[in-house]
Amino acid sequence: METAKKKLQIALYWGAACGGCDVAVLDTNEFILDVAALADIRLWPIAIDGKYKDVEAMEDGELDLVLFNGAVRNSENEHIAKLLRRKSKVMVAFGSCAHIGGIPGLANQVTKEEILDRAYLNNPSIEPGNRTVPLPESHVEAGSLEIPYVYKRVYKLDDIVPIDYYVPGCPPLPAQIKNVLVAVATGNLPARGSVVGAGHRTVCDDCKRTRNERKIKKFYRPWQIIQQPDTCLLEQGIVCAGSATRSGCGVRCPNSNMPCRGCYGPAPNVKDQGAKIVSAVASIVDSKDPAEIDRILEDIPDIMGYAYRFGLAASMLQRRI
Amino acid sequence: MANGFEPKIVGFLCNWCSYTGADLAGTSRIKYATNLRVIRTMCSARIDPTFILKALLEGADGVLICGCHPGDCHYVEGNYKAMRRFPLLKRLLDAYGIENERVQLEWVSASEGRRFAEVVDRMTEQIKALGPCKVRTALDFDMAER
Amino acid sequence: MDNQKIGVYVCNCGTNIKKVVDCDEVAAKALEQDGVVCAKSYKYMCSNPGQEMIIKDIKEQGLDRVVVSACSPRMHEATFRGALAKAGLNPYFLEMANIREQCSWVHVDPRAATDKASDLTRGAVRRVVHHEALEKRFVDMCPATLVIGGGITGLTAALELAESGNQVYLVEQSDRLGGNLANVDLTAPYLDSARDLIRERILRATRNPNITVFMNAKVESLDGYVGNFRARIAADGETVPVEIGSVVVATGYKPFDASRVKAFGHGTNPNVITSFEFEAMLRKGRIVTGQGRPPRYVTVIHCVGSRSEEFHPYCSRVCCMTALKYGQEIKAALPDAFVYDLYIDMHAFGKGCEDFYKQASEIRTIFMMFQKNTAPQIVAAGPKDDCEMFLRVDDKLSGEEVDIPTDLIVLMVGMEAREDSGEVARLVNISRDKDGWFIESHPKLDPVATTTDGVYIAGCCQSPKDINESVAQARAATARIMAKIAKGRIEVDAVFAEVNQDDCSGCRVCNDLCPYGAIDFDPEAKRSNVISAMCKACGACVTACPSAAIKGRHFTDEQIFAQIEGVL
Amino acid sequence: MAVQADPRLVAELETYGAQDVLKCYHCGNCTAVCPFSKEPFIFPRKSMRYLQMGLREKLKANLEPWLCYYCGECSEQCPREAEPGETMMSMRRWLTAQYDFTGISNLLYRSWWAELAGILLIALATGFGFWKFGTSVGDIHVYDGPNAFLPSSAIHAFDWTMATILGTFLLVNCVRMWWMTMGKDPRTRATPGMYVHRLGQLLLHFFTQKRYSECDKKAPWRLHIVLMLSYVTMLVLIMFFLPVVQAGPAINWWAHALGYAASAGLIVTVAMALVGRIRKSQTHYKHSHETDWIFLAMLLYVAVTGVLQHALHRLGHPYAANITYLAHLMGVVPMLVLEVPFSKWAHMCYRPLAMYFAALQIDVMEAREAGAVPETRTA
């Protein structure tokens, strides 16, 4: 790899995320060493030490690349996102959460109060009588303590800051991560605003399972049926979001006999991934009787979970009202 | 509640039945509420769930979907596709907190001008009772205040 | 898209729109829209001066998109598309806002109606921005025609086509040609013999080398599209595939089953017969009661199964004149017999029919008017009475309940849609109305065409009608077909679905959704493809496509999204 | 209660002059145009309907034909040329026959040769009787005074005898009419008070035919009132003042002036009616039953011979005057015998009676409604 005049200045950070994206970067294996050789990693909490003030001390635009994974759920997420945006030339929404809200986005079905109630007050694992709820500001002897303020809902990253590129996936496929980094390093980047590190079709395009007749009389959850290993899962009545999900993931889930959950987000021209899943899945229900149709569709539990497993915060309506 | 509130309802109508039925209501001079804004599609099967979400996002207080009566589709069975998508869409909307009456599916044939007018009137009244749909304001609020 | 020049034309439709909608305001508001360079309100946009105005503006102001806010596009879309074409603009750069049928005619509040009209116009303006130039397609026209039904209508259509040198496949379900008319004696109002009318046609049809008649036959399947249909005809235990360009559906009607009207006791009382049973008597030349003697009193009851809440709400149209004909035929055979004619309303609208009605009076038919939704009641006669029974009628014209002496009751059974009309409708892909009759393309302007191109309906399968009307429809249908045959190739709509091969992932969700089998899957490339000539543009596949790889031309997501934004 | 239809009734009425009855299709134009058609007497359509269906009893109880004066507008307006006016006329003839208990009326209306034979028979009997009587009591060359061939006192007595007999017949028929139209059906029974209260109607209509004058066309009424008043004048003169009228040869102006006026009135109006019927100049003249011709011819004959015998007497030709007088009587007697109780002349009673009964029926109906309203409400 050609040595740049100046080492690439990069940062990796996380918002509301599980950490899987960071692990995925590490999953590039030896390649990460090339990265280290090629670039100065200025901030990456999971791997190296770093403080807010280090970032604050940077010049605006000093960073060549920021890979930001995670959604925005609290004031800290927003603060650091805006800070890194200011300090970076290219900011990438990295992984499903940053891209389309991800799993944290599912929390948009409930209110902040419900979440706090569930997490800190009414939960079987909480000792009865314990009424401790974290407060944004606590007064102790030493003075006032502040923790980030939890927002009422989850935002995808580009709701908060302008984003240059998106790398989808929960987590992004290591091979795709490599491609992105190489592209940045070589300046071989597509138009701003593009999704990179993914295909332009859907998961079906890469899926090896054969597809035949599309007529469904009954839906199953994966454990309810003995799968035909080579046949399309949707055809077998297992709701697979593959047909409505951008390709590029390497068909990891269907290849593992699990249906696609849609982490790569909608196909390029799709405006709302969940609406498309609803439309496609319901269209192929094999019945003309309203009662039977209802019965068949009832076998799909938790429609939000199927339609917007990763994309609720990026969906048209974004949250429950 | 909602005194003087005039909802905006977007109607997606099949060209061959309900749109023609709406035209028939016109030629028959049957009066009905002014709240519906009709968008013509060739078949109820073309009415994408995305359109309904889009309409709600843009500030519609209600969405009416009309197709041919089951068994009577101009495209043989396009309306069955609408029929299948609707319950799943309704579950989605329910999860979004959209009240049940806001999005309705009705079968109205080309000869049912009067019924079309009745459907529009009934739905307008129901939505007036519900008040404005909060989607647009809620999302605007989200961006203004976390 | 940024540099588009949109012209908006708000039609006043005389006062039809203007009296409720402030057309000037609608035009003024339209002018505030992005891209709108001119907006005009005019008395009649569809008139020649109105169209000329659009054409002139397109040419002089360089308009490239046109919105007409006027009547329903079902009314004048073709007119304005024609104007665009005349001005050299692709006709699909037009969008109409329906501010008459769906606005001014249905609303009374001018403020609300004007706002609605403005919203609809804004929707159209926003939509038209995304319109694309579409080119018409042409397909070959196969000159052969499939005629379904061998009654007077089907025979007429078949002869008309065959005698002009075109191949006809005539499919008759029963074992003889002639249909219901073959069971009739004389015809009203000129008392021509039905046998004469039909027999000559059957002979000509069976002898014509261009007509292949299939008896005891059924059309099993019909695929393809206008000009290029393929049918499979099952006859004599085998299935014959035929290629045709057009289909004439002339499946006729079924006489109403009189036994469904319990009050008359048809089927149990030998002196109560249907009009068709009476025709059989007339054809034999012997009018007798169940007891085998000539009747002294014959009562003809109209509207059996027709114009009733319980059975069929519609008028069967031919029974009134047929009933009058019975008066003539009975009086001719039995001059001393009394003929009672019990009607709800006398419908004598056809040519010569009013005179025929008068003649019936002159030959002393006694008319009685009974109440709709009631049935005259049969009352037993006493031993002294010289009749078989009495019929108790609530005579509307006198307000009296009257017992009329009767030996023989003839029930004028109405027409109803055949039991297999649903099957036929599905076969040829046309619609039926609530009574089971096939629906025409336009009740006034396009009475024999259907919503499926190349499929025509004629005769009583469309609605009850007289022989002359059936024949006229048969000829109208054949004229339409021959016009297409003469052109050799036919224009098909430019609106259809197309799969963007770059976006398709071959998920096959769309494959089984197309009712026309227009979606083809290429297993090698793993891509689906829409055969445009077979596509009828319903959009089912477009909506179902989870990757938005299918574009519904002229009804694209972008266009509809823009319209949604516009109307709100 | 259902009533039984008789399809033969139309044919029966046709012998009374009905035409094209079954052509009527009940558009109701006739009824709309008739100035007299008012609730509860809606005609002629309803009567046409009863007839078409053959509701004999309904028709018998029907007053409506008598409420019609045959202006002819209904027939003119009829889109089917069903001649409702003429049908009403034929119904009046038929009703006259129904009211008559002897059956003579029926015979006369249904057979013109029976009528002619009757006239001839009575005429011959009258001629023979008076000839025998005249030659036995007087001289054919003497017209007046002692030895007169037909002395006025005797004729006077004869007139009164005949009037009593014919009046009795007519009275019986009138009672039958009352029974059929008023008495039989309990729903049309009026109280004695009502009968007294409405008596004025009877006299009013008898003398003035006030209702006839309310037709849109006035000329027929004028002709009819002149004819009728002339006839009544003549009747009064003959019945009460015959000796004065017959005395002479000097002219007694107080009596004769009236007589001349009445004679002139009779001859002119009858002649006009005859010319009208020949020319069919008006709707009500278009269709003439045999009885119409016979009636008019006889009336003209009687008037002319009456005038002639009077003139011959005044001019001093007693022989000729007596012969003419005999001929006059041979016309008068059959005319009165047949026409008064059995045929056309009877309408001078039936018509005012019908007006009277119609007024009573309305009273009965109103009384019943006033009483019945609360009952039906609770029910």
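Labels for the chains are A, B, C and D, by order of writing; each one numbers its residues from 1.
The criterion applied here is as follows: contacts are C-beta pairs under 8 Å (C-beta built on N, C-alpha and C of every residue); 3 or more make two chains touch, one makes a residue touch a chain.
From a predicted model like this one, the values you see are computed outputs, not experimental measurements.
Colleague: What are the two chains with the most C-beta pairs touching?
Modeller: B-C
Colleague: Indicate the whole-number Å distance between the mean C-alpha point of subunit A and the mean C-alpha point of subunit B.
Modeller: Spacing between the chain centres: roughly 33 Å.
Colleague: For subunit A versus subunit D, what separation do you get between their C-alpha means, in angstrom?
Modeller: 112
Colleague: From the C-alpha centre of subunit A to that of subunit C, how far is it in Å?
Modeller: For subunit A versus subunit C, the centre distance works out to 55 Å.
Colleague: At what distance in angstrom does the C-alpha mean of subunit D lie from that of subunit C?
Modeller: Result: the chain centres lie 65 Å from each other.
Colleague: At least two partner chains per residue is the criterion; list those residues in subunit D.
Modeller: Counting only residues that touch two or more other chains, subunit D contributes none.
Colleague: Among the residues of subunit A, which ones contact at least 2 other chains?
Modeller: 271, 276, 279, 283
Colleague: Any chance you could list the residues of subunit B touching two or more other chains?
Modeller: Within subunit B, residues 48, 50, 54, 77, 81, 85 contact more than one other chain.
Colleague: Should the pattern of chain-chain touching be classed as line, ring, star, complete or other?
Modeller: other
Colleague: Which bits of subunit B are touching subunit C when the two form their complex?
Modeller: Per the stated touch rule, the residues are 6, 8, 10, 15-16, 19-20, 22-23, 25-27, 29-32, 34, 37-43, 45-48, 50-51, 54-55, 58-60, 68, 71-78, 81, 85, 109-111, 117.
Colleague: For the complex, give me every residue of subunit C touching subunit B.
Modeller: 72-75, 98, 100-103, 105-109, 112-113, 115-116, 119-120, 123, 422, 426, 429, 431-434, 439, 451, 495, 513, 515-516, 536-540, 542-544, 552, 555, 557, 560-561, 563-565, 567-568
Colleague: Can you list the subunit D residues touching subunit C in their complex?
Modeller: Subunit D residues touching subunit C: 1-5, 7, 10, 20, 22-26, 45-46, 49-50, 52-55, 58, 80, 82.
Colleague: Would you tell me which residues of subunit A are touching subunit B in their complex?
Modeller: 75, 78, 109, 149, 151-153, 155, 159, 271-272, 274-276, 278-279, 281-283, 285, 287-288, 290, 293-294, 297, 300, 303-304, 307, 315-321
Colleague: Quick check on the complex: what are the subunit C residues that touch subunit D?
Modeller: Where subunit C meets subunit D, its residues are 297, 338, 340, 346, 357-358, 361-362, 364-369, 379, 390, 392, 395, 397-398, 400-405.
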